[in-house]
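The following pair of complexes shares a single chain, subunit A, combined with subunit B in the former and subunit C in the latter.
Then we have the complex of A and B:
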């Protein structure tokens, strides 16, 4: 695996019971880039990113075969699942701040669980990560308020700050703007570009325009297979596969 | 793979056909004037050039509007960027046709006695016509043929220069006319090549040469 590859996916297959959701996936996600994952509903996008942090195996009846190398180590055979999820953070479709925790505590919740931090130190970490997601100026006077009191867009950035606080190597985002208004979406998209300075980003989106705006690489899934994986400009300007062409020009089906 | 084109691209190409009609009219006016020498050629060609420019601007406006409204990708995106460039090339060809008419009138030359230049202009027009045929039919092979034909036009242009450079029997005005119009015809053929390069990009996504 090259030094510039963050995630090396080798012959990855995934099932829900008898149904195969991913078929022989082989891709290399470059380090410190944004990779967009696109494709029609049910094509395996979410299953794919859930295999990247071992969340797929939490579903009863689900199983995985193949390798996912993170920094050269197979996350399924050479790493502890909790360690994988610490190194591979996740942001979900709907913002999910812990409603009983303050804004500040939301950011450092994971660190508190792992222990070993002093209170002042946690405060500094919270500030650093709230600044990183552009939320500090908006919430610095409301740090003790509930995370649930923020707007939807602010809550999503809070969740990103929470993921970032764990200093992950990869952040997975599953349609992070689908529940947000256009202004909040624009802020998240801008943030995604900045986040690649801290981590490798993999983002699922149904919005192909968004994929084109935010990503460096794009991966098109169809029926559980990778149809095309290329740099975003090449894929959106002149896709090599006719299926990709049909999907991104809206002539699918 | 041929996909059905979106309505906005069909509308833009209808305008492109209008622009092609203007260029054809201008070219016909020029050639018939070169052959028959009636009056007011400059006025006619200036009018055609204005129409071509209006048509070019309309195509660019429609293309920009479609880019904003539909944010297209892949072949649709290429169709819009190519349409803008082809419209520019055609408008430029129209101005070259006018330039030839201006030179002829300004120098008062009877072009009927200079068949070399006349046939070079006709061949350049033919190349533009084939390049447009390739554009409308999305025919990369035909476009490639135009690109290859450019070497032939370049050779003809140089042959004309060499042939007339040593002529001492012709008046200066005729020599000027031949030199300038041969050069303009060669440039017209270059724009046929540019259009053909755009056709190859449109159909394959790959760039074939540079302007």
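Then we have the complex of A and C:
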């Protein structure tokens, strides 16, 4: 695979105290694709993506072992955690714009507060990323209003623009539509397709149909292990593992 | 039990609550009314802008004490509020559960319960005895110390209620901890921090005991921070006990001014917190 692999996960294990949440995960996530992560609640999906930006280790008692190579570099031993998070962005389940900042400042918050930006460029960067998430026309007259004043769906797109502004290699999405109405969900799904042009996307979803709609690759987790990882079409049309088949047809989970 | 009887019980309970509430606030109303009744006639342009006249002469004012109260309160705030904010920030963001954190928390809570006189004696023995004269700086030290627990508690509480979702968003952007603590969490909590700071300011505006041991009193305009300085509180203390009608009247006037100062701070707190909720943050 080599150059085509964005994230190379090797023998990844993760714990919460004594409880092992991830067991020997080995997967290669191809560059500029959308990978859906599916599986029943508590199967380790969130833990897995939080190991990709080193947020799992922030929980007291949490531990990680194994390697995660981002562009060939191990994010645990060869990179600083802050640098990892600038290269691996994240969008959360509940939209969480900074309520103390305007719409515009929200987009560039990461650039502004982690230093290393060109002052005159922030306005242009904000516009570019708001356009990229299709929010510009809706908010261009309200750029100075609080980020918390937008609707839920708009807030979530604002959070995506905020992640995008860092020009990350990877964007992690932890059930980004589960708090949204169907119309906003459709917009985010459409957006995820477009975002492939900018970054590699890993998206957790509880909605199997959503995984089928938005992803190129699908990874099915069960009890902390990867049961099946394949391209989405193959996984949905001809699952190799009977567990996968039962999960995607809604017979458990 | 019949309906009528239940309604009667309800009425009786309400009446009792109202009666007790009234009896609780009536001393306050009494104090406020007598301060206004006795103090209003003392207030004049001369009263708030000029120095006391030599004893026996009429007229004169307490302008130096008004200025002194503002100077000492400002100096106390300049160090007490930042120290309190940093303490609250430490407790909320850096050390929620360790042994050191709980020790600091207990210390802050005990500090809040220490009688103000003790702060005065502490500043007296630490500073006044060392420099061998009464000084406004010692007063600012004592009052600043009293502000710390109030500001720290308000800061800690209002930073703690900032949702962890917001902290995670900042972490995921790779924003360094000090930056996300100040520019995001503290900034979101600023309404609570501001009202806590104003309340602490109001609280020290009423303290007399620490001033008697530190700034003491003066009959002149403040010329140096390292000298005794008059304050409204000590004017009230000195003049009210004097037994001269003119001075007692001036003590009432000083009380009215002090009450108006505290009242306006409390109104400022109300307004600032109302704005906070209106923003929805």
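Annotations
We adopt the following convention: the second predicted complex is superposed on the first by the 246 of 253 C-alpha atoms of A that agree within 3 Å, B and C clash if a C-alpha of one lies under 4 Å from a C-alpha of the other, contacts with A are read in each partner's own complex, and residues count from 1 in each chain.
Everything that follows uses one rule, which is that contacts are C-beta pairs under 8 Å (C-beta built on N, C-alpha and C of every residue); 3 or more make two chains touch, one makes a residue touch a chain.
Note that the coordinates shown come from a computational prediction; the quantities given were computed from them, not determined experimentally.
In the superposition on chain A, A:208 makes contact with subunit B only, while subunit C stays out of contact range. In the superposition on chain A, A:15 makes contact with neither subunit B nor subunit C.
Shared-chain residue A:99: touches subunit C; no touch with subunit B.
Subunit A is touched at more residues by one of its partners, and among subunit B and subunit C that partner is C. With both structures placed on the common chain, the touch criterion links A:55 to subunit C but leaves subunit B unconnected. Within the superposed three-chain model, A:110 lies in touch with subunit C and out of touch with subunit B [touch as defined at top].
Look at A:198: by the touch rule set out above, it reaches neither subunit B nor subunit C. In the superposition on chain A, contact of A:136 is made with neither subunit B nor subunit C. Applying the stated touch rule to the two superposed structures, the subunit B and subunit C interfaces on subunit A have no residue in common. For subunit C in complex with subunit A, the touching residues are 163, 165-166, 168-176, 179-180, 183-184, 187-188, 190, 279-281.
Subunit B contributes residues 1, 3-4, 71-78, 204-206 to its touches with subunit A in the complex. Residues 208-209, 212, 236-239, 242, 244-246, 248-249, 251 of subunit A are the ones that touch subunit B when the two sit in their complex.
Across the interface of their complex, subunit C is touched by residues 53, 55, 58, 82-86, 89-90, 92, 94, 96-100, 109-110, 113-114, 146, 148-149, 159, 162-163, 166 of subunit A.
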